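Listed below are the structures to be examined.
Here subunit A shows up in two complexes: once beside subunit B, once beside subunit C.
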Partner chain A sequence: MGDLRAYAALLGGQFRSVTSYRASFVVELFSSAGATALDVVTVVVLFGAAVEVGGFTLAEALMMTGIAASGFVLGDLAVGSVERIKLYVRTGMLDAVLVRPLGVLPQLVLMDFPLRKALRLVFGTSVIGVAIALNDVDWTPARVLLMVVAPIAAGVYFGAIFVISATLSFWWVESGEIGNGFTYGGRDFTSYPITVYSGWFRGLFAYGLGFGFVAYQPGLALLGRPDPLGLPGWAGYSSPLVALLAAGIAAVVWRVGVRHYRSTGS
Partner chain B sequence: MIQMKELRKDFSVRVKAGRLRRVKRTVSAVDGVSLDIGTGEMVGYIGPNGAGKSTTLKMLTGVLSPSGGEVSVCGLAPVPQRTRLALSIGVVFGQRSQLWWDLPLAESFRLLRHIYRVPAADHAARLRRCRELLDLDAFLDTPVRQLSLGQRMRGELTAALLHGPRVLFLDEPTIGLDVVSKQAVRSFLGELGRSGDVTLVLTTHDLADIERLCRRLVVIDHGRVVHDGTIEQLHSRYGSRRRLIADLDAPLPDGFEVPGATVAAVEADRHRVTFVLDDVPAGAVVASLVNAAPIRDLSLVEPDIEDVVARLYTASVSGAP
Partner chain C sequence: MDGIGASVLVVSPNRPSRASVTTFRALVWSGFRRYATYRQATVAGMFTNIVFGFLRCYVLLAVAGGAAGGMAAGYDPTQLATYVWVGQGLLNVVGIWGWTDLSDRIRTGDIAADLLRPVPPVTAYLAADLGRATHGMLARFIPPVIVGLIFFPLAVPARWQTVPLFALSVILAVIGSFACRFLVNATAYWLQDARGPIMLWTLGSGVLTGLYFPLRLFPDWAVAVLWLGTPLPGLLQTPLDVAAERDSPALQAGLVALQAVWAVIMLALARLVQHRAERKLVLQGG
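After this line comes the complex of A and B, so read on.
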């Protein structure tokens, strides 16, 4: 209870900090929503050039894009600011975080909570809305549940990826681009049906790292389509498990990383 | 209150060896430090740059995990019990802020009350005391980013004390401050130390901080303790003594001597004499001198701690392997 109030105080402090620069906050709020819109436009443009891509129509692909976009925004909103740990590690500012009686990860997340990204959430969910309207989904209780859970599971999954890639900075201070390859690269990967990729690349990202279970598999299950790549139907419902597994790995990597912190001279 | 036993911290660094090759080498920042600091002690922890002062402090506060040895603060192991320890210690890192950059100072204090779960009455009482002693009222409503360094440091001190810590760690609290702010910080810390219920460990490069505040002085160099004791012990160990300079109205008689003092210099046509006091009170020298020649002016020069410490640093450098 006491902890919750402490975290609420941190979030309140962050809120008052960003709103102390009012104009710049509003500009960032809208420009960040615009960035998400552009990602979806990319998908639409691609299907404008070809009626079908990877064996899927635009309407079908939008289901996956919507889950991926909503999930990414959820993960980004919740823990995306952990990226800033690079700055904290490089400057030694993490020292100040470590001497407070609260967890390191929640502090980092709340101290830099990206309120400016809040509008993206509206956009991500409305893509799902459009996808539901365009596709003739055969609603069963299981599918309704999956529709609610899949974007959240995707959010947990992306959150885990954010944490893992940020943790790299405990070992390599300038690890920014490697991490982005998995976070933003992962979002782009999951925005399309994975049938558009091929060979070892698809094997590694879709199955090795699990990105295939974030939006593609739940998308198939919602649309009621069998997987052209041969995974059974229940694979679409496994996305929460994959997300929890990723979160577990992220928690371990994070703990090891914090122990590895070297601080800086002062 | 604080125990360290053979505490070590090793860093591995990659050293350039040839064009592309890098060799991994281990450097000990703290190399077997054993110290025992009791409740209410005020300890000055000094050493040249890179001696391992900050690294020690970071291991005591749970920021860094030690590579070896044992450490306990308030009966807790700093890294595994970091969040519990944080409630009992206050930390001021001179170059890292605990305050919210964009918010008024008062707002930071309010947030810290929730973060440390301090009862409102205790918080208000402590804040009132700090406001009086540190003169905070003039800038309590100013955003931290607009504060001067001296004002900010006074804010940091308050922030570190609002949860009533039993141990206060200060890493270079007076660095970069002007004389007035330095005085304010020092007299505040002196006041705090006199109350006797806060243990205070401070690192500094400004030896005046130590002279004013700390009974106990720990000098560290190359990760090892090279002196642990009072300032007087440091002086007697390294042979620094007080000097008495007298201006006389008549020339000093030939062959004038005082037991326990040596005549270091006779100047100005024997009208000015400098004694080095080995083991004799200044009064005894003055008493003998009055009989020999009328005294116009006297000054007593305390040994300069900077000199002693500088000698100590160079000695340990040349003594290092």
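After this line comes the complex of A and C, so read on.
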């Protein structure tokens, strides 16, 4: 209970700080939602120049874009602030986090909880809504369940990617933007049907790293389309398993990373 | 390195502009060295540029593949690949994102030290930014272009004018980008914290400079408004169109001239805003 109260205090502090600079918070809230909107606008503009992209229409692709956007926002909202660990490791501020009798990851997450990104979630889920309205989905109980679970699983998956990318800075302090290639790069990758990509690049991102199971496979299952790349229909329903696997790997990597931390020595 | 130390510069009575040229050169060099220091961060940033290069290239090629005649917005697939990979290389030369030096210094009050210097702030920051861009050209431009050449068929320039015009266009893009960033940062003179304007700039500039996709995918009237009414296409789209040889030589030269006009306007605006801000600061301090 004591732990929970401490976490609540950290979150409460964040809440108080944003409510004391209200104008600034509102600007950030809307610009942050604008970023997600622009990603979707990009998809719409690109599909506007072609009849089909990678064998999919805009309506079909929006199903994947919606799941990807909602999932990314969930993961980013929940643990995205772990990106700041680079700063904590470089300056040695992580010491202060380690000596407190609380979990390291929850502290880092709550110390900079990005409330300004909340509006993005509304936008992400509304894209799924639009996609459902545009496509003629053949509803079954399994599909209804998948529609709810897929964005959450995508959120867990992106959260795992955020944590794994951030852990890199325990070994390589100057790792800088490398993590962005997988977090924001992963978001861009999953926003389109993976038939768009090809060769080893698709193999690596879609199947090697598992990004294909975040939005593409569940999207196909919701649309009732067979996979042009040959995976069976149940692959779409495996997205929660892939997400849990990623979360498990992230937990292990994080623990190894924290043990490896040796402060700055200053 | 004569005349570059902290001591007073030796001014030749015969050539009065010599001191300012030497100072400018010293500031460019310092900007170059500052960015050359973080070698690991350069490698990390390059990796990310390349990942995004693959993503953007595949998506645009798929768009061209799904469009009538295999052309998207008048670019054939090899031109699109050139557009993407040269764009990934130029992103950190032009440097539209991540520059908050000026607004940070305004917020902390360090700007007072800049105002005491004999070099006007716009000139000093421009010099440092040209140094940063030179480093970007050597360290950040070439690797993505080579990766693009290895994995995708790129359109290689066929006209002799393309190379000098591209070089000129890149220099103008750096100056235009610097002036825009200076203005966005300078809002901190009035707002104290420029985070809001910087966020809006980051959002708008990614799309409206042509980084995410070529601007010609927009309707024609929007393209005309953007090109004539804003400096933004001049920051990436113009040099990339020159490199991909999207237009006839005459039109390309015209677009670069338009880019030059906008670079001059924005730089003049930056000087004007800085001047107004200085008067305001003096009033406050007085």
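Just so we're on the same page, the second predicted complex is superposed on the first by the 264 of 266 C-alpha atoms of A that agree within 3 Å, B and C clash if a C-alpha of one lies under 4 Å from a C-alpha of the other, contacts with A are read in each partner's own complex, and residues count from 1 in each chain.
By our rule, a residue touches a chain if its C-beta (ideal position, glycine included) is under 8 Å from a C-beta of that chain, and two chains touch if they have at least 3 such contacts.
The model shown is predicted, which means the values in this text are computed figures rather than measured ones.
Chemist: Answer with first, second, both or neither: which of subunit B and subunit C does A:Gly248 touch in the superposed model?
Modeler: Touch status of A:Gly248: no partner.
Chemist: Counting residues of subunit A in contact, which comes out ahead: subunit B or subunit C?
Modeler: C
Chemist: Going by the contact rule set out at the top, does A:Val51 touch subunit B (first), subunit C (second), both, or neither?
Modeler: The answer is second: A:Val51 touches subunit C but not subunit B.
Chemist: With both complexes superposed on chain A, which partner does A:Gly203 reach: first (subunit B), second (subunit C), both or neither?
Modeler: Neither partner.
Chemist: One more residue to check, A:Leu10. First (subunit B), second (subunit C), both or neither?
Modeler: Touch status of A:Leu10: first partner only.
Chemist: A:Pro228 contacts which: subunit B (first), subunit C (second), both, neither?
Modeler: A:Pro228 sits against neither subunit B nor subunit C.
Chemist: Please work out whether A:Gly129 is in contact with subunit B alone, subunit C alone, both, or neither, and reply first, second, both or neither.
Modeler: Neither partner.
Chemist: In the superposed arrangement, what residues of subunit A touch both subunit B and subunit C?
Modeler: On subunit A, no residue contacts both subunit B in one structure and subunit C in the other.
Chemist: For subunit A, which residues count as touching subunit B in their complex?
Modeler: For this pair, the touching residues of subunit A are 2, 5-6, 8-10, 12-13, 16-18, 20-21, 92-96, 98-103, 259, 261-263, 265-266.
Chemist: Subunit A touches which residues of subunit C in the complex?
Modeler: Of all residues in subunit C, those touching subunit A are 38, 40-41, 44-45, 47-48, 51-52, 54-56, 58-60, 62-68, 72-73, 193, 195-196, 199-200, 203, 206-207, 212-213, 217-218.
Chemist: Under the stated contact criterion, what part of subunit B meets subunit A in this complex?
Modeler: It is residues 11, 50, 54-55, 58, 61-65, 79, 82-84, 86-87, 89, 91, 93-98, 100-103, 107-108, 111, 114-117, 143, 171-172 of subunit B that touch subunit A.
Chemist: In the complex of these two chains, what residues of subunit A are touching subunit C?
Modeler: Its residues touching subunit C are 24, 27-28, 31-32, 34-35, 38, 41-42, 45-55, 172, 174-178, 180-182, 185, 188-189, 192, 195-198, 201.
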